[in-house]
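Here the structure is laid out as structure tokens; the discussion comes afterwards.
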Amino acid sequence: MVIKILITGGTFDKEYDELNGKLFFKDTHLPEILKLGRSNLSVEVRTLMMIDSLEMSDADRQIIINHCKQCKEDKIVITHGTDTMDITARLLGLAELDKTIVLTGAMIPYKFGSSDGLFNMGSALAFVQTLPKGVYVVMNGKYFNFDNVRKNKSSGIFEELK
Amino acid sequence: MVIKILITGGTFDKEYDELNGKLFFKDTHLPEILKLGRSNLSVEVRTLMMIDSLEMSDADRQIIINHCKQCKEDKIVITHGTDTMDITARLLGLAELDKTIVLTGAMIPYKFGSSDGLFNMGSALAFVQTLPKGVYVVMNGKYFNFDNVRKNKSSGIFEELK
Amino acid sequence: MVIKILITGGTFDKEYDELNGKLFFKDTHLPEILKLGRSNLSVEVRTLMMIDSLEMSDADRQIIINHCKQCKEDKIVITHGTDTMDITARLLGLAELDKTIVLTGAMIPYKFGSSDGLFNMGSALAFVQTLPKGVYVVMNGKYFNFDNVRKNKSSGIFEELK
Amino acid sequence: MVIKILITGGTFDKEYDELNGKLFFKDTHLPEILKLGRSNLSVEVRTLMMIDSLEMSDADRQIIINHCKQCKEDKIVITHGTDTMDITARLLGLAELDKTIVLTGAMIPYKFGSSDGLFNMGSALAFVQTLPKGVYVVMNGKYFNFDNVRKNKSSGIFEELK
């Protein structure tokens, strides 16, 4: 079994530019995260884009959906900014692919020491191996169906709609 | 749904004693790990012992089995030293409890910066929510049935027996 | 001997706001840094402001100079954003106080794991104990006289003017 | 000006062996520390030995003294285990070399996240540039003359004898 990991950016992969004091994207930290977790899973990592999810366009989302459709793997983890993760999840859910797709992200950049990224990636890789076909958001140790999830903007915690 | 987390020690919770230069156990870091992972799961944490798994006796294992039997939760995660995790898993499996029980641990102490503990706890908490009743070892991003797992002593990686 | 430590903000003390993804100031991390360094020095810490040094006004600089003048200690370390550290140093130098004053800062926030802050604070506290009366910038393991220093904007390294 | 850095091991450079759960020495972390501190000093690093200072023999100390004598630099920092740092300092002091020699170390291994090593190296490199010829121990933000220092075994803090 091979798990596909699609990278789209988000807080997960943000870094601090020490020359201008701004946050920016360079490369994904996913290989580092898998190594730190001593992961022994077979994975295929593919970077689709490196953007803040607030700047993700419909065209960007179409790229993600197309990759999920066309890749040969039927277990897919997508790293994604948390602000619009629910929107992308919903579109992926409506696409009705016969695959298990898990979106996850982080509230704090992986490079900043106190990140939840390593925990979330551990959860996401576990859920993608065991959940039935469908599209899920994985955050805060939980999984949510694509049509029943939102980020609570004031607490930063993901919760069910109803 | 409440997940029971039983603490038994292991590398996970080892610390460095700066006065004598030795590794030792003080308190479990589990609450810290759950906070770092922004876990929003309902958990009940109980420390049963704080020992190196090479020093775990049959009586210690009986304590673990008894707690798994008697607690009201049917989803249980046990943190455990990696060296004899397979032995405890086997005994728990033979006890044939009608629960989902996941044993996990770490190769590097949580406090040492480069630990796999946060990743493993993310995986373990996800697997315990989704795997059918049974006893499992969760390491390296994978789950293993209690009767088909060992730690490869030269690589430190968990693998199937056959 | 008591060393005065004046806090003005700068990269040193920036944190990541996980709700809006922006960098911000909360409290100084100086007590944490001194504890991590197992410092046994007698220090008096005073927060004067918490600002990015690009936003430091003449009035802000006057506050810093006044505090250096009026405090009873004659060894002073000032944490300061790196972008305009040389400007504040120059003004302090022209004030011709009969004290040893050291300005230092960080290229990466202390909370981001890969910070130079702990190293710089170690240097600054050592230099302030041993350098003769005067005003100095301490960065990159070196000390610079107030009238012979600038930050190289493209490399981020502090260097002499001539 | 070039600063010589002599490596002898000590807690500073200890690592955790994840296969056997023991602490061990591999390579020095000094280049990493200097990079993290964004040090721009000219240094010459030389590893003399990699040992726990409790195991340092008279012959080992003679090697250290010989290197201090023979090297062309007159500013030397020595990383050393804290348990017998005062003994080596005393022997170096009695050798009456016309150089500034600073011994420093760490209470927690550099790799364990919460180390004082970065702070101590920042101090040591600053003190070696500014103190007059002599032999010093630098710990806890302070410098001590070679003939007036000991490690308080119960607090782990360095203090004057009188």
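Should a chain be cited, it is by its letter among A, B, C and D, assigned in written order, with residues numbered from 1 in that chain.
By definition in this document, contacts are C-beta pairs under 8 Å (C-beta built on N, C-alpha and C of every residue); 3 or more make two chains touch, one makes a residue touch a chain.
Note that the structure is a prediction, hence the values are computed from the model and not measured.
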Chains in simultaneous contact with chain B and chain D: none
Chain at maximum distance from chain D, centres defined as averaged CA atoms: A
Distance from chain C to chain A - Cα centre to Cα centre, in angstrom: 39
Centroid spacing, where centroids are CA-atom means, of chain A and chain D in whole angstrom: 45
Inter-chain centre distance, chain A versus chain B - centres from mean C-alpha coordinates, in Å: 26
Chain B residues counted as touching two or more neighbouring chains: 107, 114, 156
Which pairs of chains touch, using the document's own definition: A-B, A-C, B-D, C-D
Chain B contact footprint on chain A (complex, rising order): 33-34, 36-41, 107, 114-116, 118-127, 129-131, 138-143, 156-158
Chain C-touching residues of chain A, taken from the complex the two chains share: 11, 14, 16, 18-19, 21, 23, 52, 83, 107-109, 111-114, 153-154, 156
